[in-house]
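Both of the next two complexes hold subunit A, though its partner changes from subunit B to subunit C.
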Partner chain A sequence: MITTTASRNLEEVIEECRTIFDIPGIEPAVAWKHAERGRKLIGCFPVYTPVEIFHAAGALPVGLAGGGNRLEIVHSDSRFQSFVCSIIKSTLEQGMTGMLDEIDGMVFHSICDSARNLASVYTRNFPNTPVEYLHYPQNFALPEAAMHLRSEYERLATFAASITGTTVTPGRLKESLSLYNRIRRLIRLLYGLRAERPHAIRTSELYSLVRVGNLTPPERHAEILVEALAAIERREGKSRDRLRILIVGSFCEQPPIDLISAVEDAGCYVVDDDFLIGRRWLIGDVDTGVSDPLLALADGYRNQSVASPVKHDLRVSQSQMLIDRARRLNADAVIVLCAKFCEPALFAYPLYRRALQAAGIPNLFLEFEEKMWMFDRVKNEIETFVESMLFA
Partner chain B sequence: MIIAGVDIGSRHTKVVLVDRLGNILAVYSSRTRPPLIDLVDSNIENALKQIGALRTDVSYVATTGFGRSSYPDRDLQLTDVTSAAFGAMHAFPNTKCVIDIGAQSSRAMKLAPDGRVREFKSNDKCAAGAGGFVERAAHYLEVPLEDVGRLSMNGNTPVTISSVCAVLAESEIINHVSRGETAEDILRGVHDSLSERATLLLKRIGIESEVTLVGGMGNQEGMIRSLSDTLGMPMNCPENPEMINALGAALLGIRKLEKSAA
Partner chain C sequence: MEKLQYQGHLHTLQKELMGDYYAELTASANGSGLPAAYLLIGGNPVEILRAFDILPVFPEVNALQLAVRKQSLPFIQAAEFMGYSSDNCAYVKADIGMYFGGRTTPFATIPEPSLLLCNYVGCNVYLDWFEHLADYSRRPIFQLDIPFIRTASGKPSKDDIAYVTTQLHRLIEQCEEITGRKLDQDRLREAVRLSSETGALWSKIKHLTKAHPAPYDAYFDSVTMMAPLYCLRGTQAGLDFFETAYAELQEKANAGIGALSEERFRYVIEGPPPWPHLRTFRDMFSRWSAIAVASTYSTVGGLWEFGFTHDPDSPIESIARHLLEWNLTNRNFLQRYDQIGRYIEEWDAHALVIHSVKSCRLFSAGQGDMREYFTKRGIPTLLVESDLEDPRYFSEAQMRNRIDAFFESLEHRSTQGQSVTV
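What follows is the complex of A and B.
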């Protein structure tokens, strides 16, 4: 477990983060559960879950992020077709190999057909694990969307209380909202710092700092983020002549961390991304000064959340938002890094590409799988892409 | 001032020396073998010997190929895609597409008017789309590699090699031999098989004339004929096509040198 030492440098913080999350299972969360006798774990499938509700019920929300490239898929291949993305299979595989035995409840959402099917397959294979399925609104234009989502969140609160035995009261929920508001603010600070001074923190480091929150209590995660921010301020680094790259497309299944490093090693500064986007899904604080915090949380989803291919908000053009984002960040190019067979990302890509081409923003499409362990080819493609811009 | 372009390929390591204007001064190639650092140093020395120059006359080294990052004294490293594009454009200024068929991989690229790569696709998973497959076929048929291109030109009824896997394709070759097909027809079938894979790569980026073939396979006239037939258009192929990537690296070295001097 991470221990706070005032003088720790960023490398030390990152190293400890990686020991926590860079494993195929969820052991650190299980260790927490055993230490906190009687407390429960609720598994949250990506992309976004209102984890505040589970925290308010006294549970530790566990962010599921697949099995990485060290989990052998044996059982899941007989339950899912070959054209289904890796995270669906690896999540089921984690369950079937006992890695998720300590999970007391699971939550899936309506992000894509595969995730929808995973919810059913998981329920069928693990009848003793309570599973809840969250329906996000499909029509954001109507104010009723927030009310619909509030009723979904209320169902989720009842589900969480049935597992932990602790009712989600408005007071408890407000406390949890405040804590997660703080974490999102800290992550936003880190992202802003990287966009401004990308030489000060590598993207693989930033990713580690966010990803550790999947398996760490939020109170501790906030401490880690604060420590990291202080360490970055102390870090000396020289800005180099590199391309500023925006990466989109990896919002659900996560690329291997070595792939993220490969992008940087190919001569890029990543100035923004959508890795683990669920952890900064809400772009502003949820109002905790209201009488109905559940509605405030639902309203945050409707009116204060990121644009994403898994969110069907027809009030905005996702392509235009991508262009605006690239320009705001002064990005030289966009890399669309999609998980293989990720339908939402692949449906979005043609629209992105058309918009990027029309805007004159160079772009590159790459596919990955979480089981990937050789990066030469991808690195070659990125290097060529970088060179095509450098020798313009 | 001498600029060295070094292509550290999977089969051969090639060196092209150019002057500041891009004129080729010397070329040298030898089989790739470890240690790569000594090999590159030795190849540069051998190229320098041809023009009576010394190592100290080399002011810039640009590397490319799979081993491009293995040579610590490099000033610049470039992917084989970028260097092939600039080398091909230098040889044929109207080049729009390049197909590079090396020993272990092949790639197709579409170029911008200034030689930059606009789009590219590579096939580095399957040996059936690369020169190594031809080597193995020649070995099985007991034909010297340098005769393959000529023999293929004499193949009038090419056999069909349909497997996309080099191992299975070799089995097909064995079957053709056992059925009494001639080496000429089998080798033409091998070239046709490679051409089809190269054409598929080119189609994925959009074929535009002129197309330039680079890489060691360009030394085989049967390959050029096969690719022209499959594409339905004439094919550019430079002299010493296997040296084009090293040349491209050297030319980009000049550009980088000028940029940093400015």
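What follows is the complex of A and C.
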């Protein structure tokens, strides 16, 4: 477990984060469960889960993030075909090899067709693990969408309570909302800081600070983020002449952290990204001063959440939001970094490309798989792209 | 081997009807016909459009028509040139390529939409597809948000039904704006009545393949009937077609006439057809005297054979139930296992063939698990892969080898009593 000491520098904090998440499986969460006798773990498939509900029921929401590049797929590729993205298979593989045995409940959502079918396959293969499937609204203009989502969240609360034995009361939910509001504010601070002073914190470091929240109790995650913010303030660094890059497309399956480093090492400052976007899904605080916090949380999804290819909010143009974001952050270019076979990301790309070209913003399309471990080719592509911009 | 003739009277009748339908599309495109709305096959509330005299246009049907006529590849490639991935659904790519290619096809000129009606029933690609069309065409879009079947009961909740019903009323308001006239309740009831009777006949037709021999192939011949089922449902012409079809097929069943001269194997097939190579694929089964007695693909638009019927006395709610519960695409993957299991038992099939298509992950993702499920239950199961639209993914020699090996094994199995998985 991470211990807080006033003098820890950022490297030390990051090092400990990486020891928590950098191995396949969910061992740190299992250790928590054993220490907190009687408590439960609820696994949350990406992209976004209203984790506050599980926390309010007394469970630890465990953020599943695939198998990385150290998990060998042996069993699950006979269940899902070669044209299905890796995180579907690596999640099932972890289940089939016993790595998720301590999970007391699982939740999937209507993000894509493969994830939806995985929910069924998981249900069948693990009859002792309760599985819930959440329908997110797809028509954001409908005023009724928030109420329908509220009824979905209520079902989720009942599901969580059936696992933990603790009812999700409005009071408990408000406490959880406050805690997660705070975590999101801290992450937003870190993201803002990186956009302003990208030399002060590497993206691979920022990624680690967010990712550790997948397997850590939120109370502890907030402490880590506070400690990191203080450590960054003490850090000395000098800005270099690098391209400011916005990366989009990696919102579900995650690129290996070494790939993120490779992007930076190729001569880029990443000024914004959508890695682990579920942890920053809500862009403002959920109002805890209301009588119906479940509705407030649902309304946050409808009216105060990020643009994403797994959301189809046509009140705004996703492409235009990307252009606005790039301009606001003074980005020199956009890299669309898609997981191989990720349909939502691959479908977003043609619209992005059209809009980026029309706006005169250079862009590069790259594909990755979580299991990749050689980055020379990708790095070379990015270097060439950077050079073409610097010396054009 | 002598080339088999599959095309009979029904096929000719279907071609005529679809020719008329496509002439209506062309007229609409030329500005002399009805306003057009694009919508999707899954579930689909076509009755509301019919009540407003809005012409339904199904991009999926257009895309598959391109594939059957071997015209899809240049459009797919045009879309890929725009940035669409080789791993994206090729229906979408063919349609987008065709849209930018002037909307001209060998069978019709496709009109610009007055409305993009995205009836989201399970398939997330639908959402992307229509979002893109809205972006390109700048035409109004209505996203009909249909909650997926996700509870153990296999039924939609009361909230779901109320939510969809509310949306259908909003859709009606939008149709009123487009056409400039109020909904005629009698017209809606009439369209729903026609759908109800059409669905009842289609259901009876589906049950006819329980006969030995089956009077028609429930995959390759069902697709012939699916075109009028979707494009003409809610019209008198559509109903007339199904009256003729039922009478003809029932007569064959009663007379003990099969679809093939001999019926040796009865199988259930899962997954959409390889449209660019439909005839070749069909021959691979026919040469084994194998007949599909049931298919999941023929239920994407509706599951009438398991008891659904539109209700003219409660038109909106029955349309909502059709969208929510009574079509394959909005049901979860395990419900499909149950559906197939029922077909195998009640339609007396010997085997399951899974045609896994890369384009459609709604259908395909996880079919390896499905194979495992049925194999463990002693059902011989074959899994083959190609695509529904992209001709490049069909490997004829490999496909033939696998199908031959499977039926050879089935022959042996009858003497050995073993399970078969290929």
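Rule of thumb we're sticking to: the second predicted complex is superposed on the first by the 392 of 392 C-alpha atoms of A that agree within 3 Å, B and C clash if a C-alpha of one lies under 4 Å from a C-alpha of the other, contacts with A are read in each partner's own complex, and residues count from 1 in each chain.
By definition in this document, a residue touches a chain if its C-beta (ideal position, glycine included) is under 8 Å from a C-beta of that chain, and two chains touch if they have at least 3 such contacts.
In this text, all values refer to a predicted model and were calculated from it rather than measured experimentally.
> Does subunit B (first) or subunit C (second) touch A:A119, or do both, or does neither?
In the superposition, A:A119 contacts subunit C only.
> With the two structures laid over each other on chain A, which partner does A:T166 touch: subunit B (first), subunit C (second), both, or neither?
Touch partners of A:T166: none, neither subunit B nor subunit C.
> After the superposition on A, what does A:N9 contact: first (subunit B), second (subunit C), both or neither?
Neither partner.
> Should A:F391 be classified as contacting the first partner (subunit B), the second (subunit C), both, or neither?
The answer is first: A:F391 touches subunit B but not subunit C.
> Looking at the overlay, what does A:I111 touch: subunit B (first), subunit C (second), both, or neither?
second
> Return first, second, both or neither, reflecting whether A:N380 touches subunit B, subunit C, both chains, or no partner chain.
After superposition on chain A, A:N380 lies in contact with subunit B alone.
> Scan A:S178 for contacts with subunit B and subunit C and give back first, second, both or neither.
Once the two structures are laid over each other on A, A:S178 reaches no partner at all.
> Compare subunit B and subunit C by how many residues of subunit A each one touches, and report the one with more.
Of subunit B and subunit C, more residues of subunit A lie in contact with C.
> Touching subunit B in the complex: which residues of subunit A?
Where subunit A meets subunit B, its residues are 377, 380-381, 383-384, 387-388, 391-392.
> Show which residues of subunit A lie in contact with subunit C when the two form their complex.
77-81, 83-84, 88, 110-114, 116-121, 123-125, 132-135, 137-139, 141-142, 144-145, 148, 151, 309, 312, 314, 317, 319, 338, 340-341, 343-344, 346-351, 353-354, 365
> Show which residues of subunit C lie in contact with subunit A when the two form their complex.
79, 82-85, 87-89, 92, 120, 122-125, 127-128, 131-132, 134-135, 141-145, 147-148, 150, 157, 159-160, 163, 166-167, 170, 332-334, 337, 356, 358, 360-362, 364-369, 372-373, 385
> Could you list, by residue number, the parts of subunit B that touch subunit A in their complex?
78-82, 86, 112, 114-118, 120, 122, 124, 252, 255
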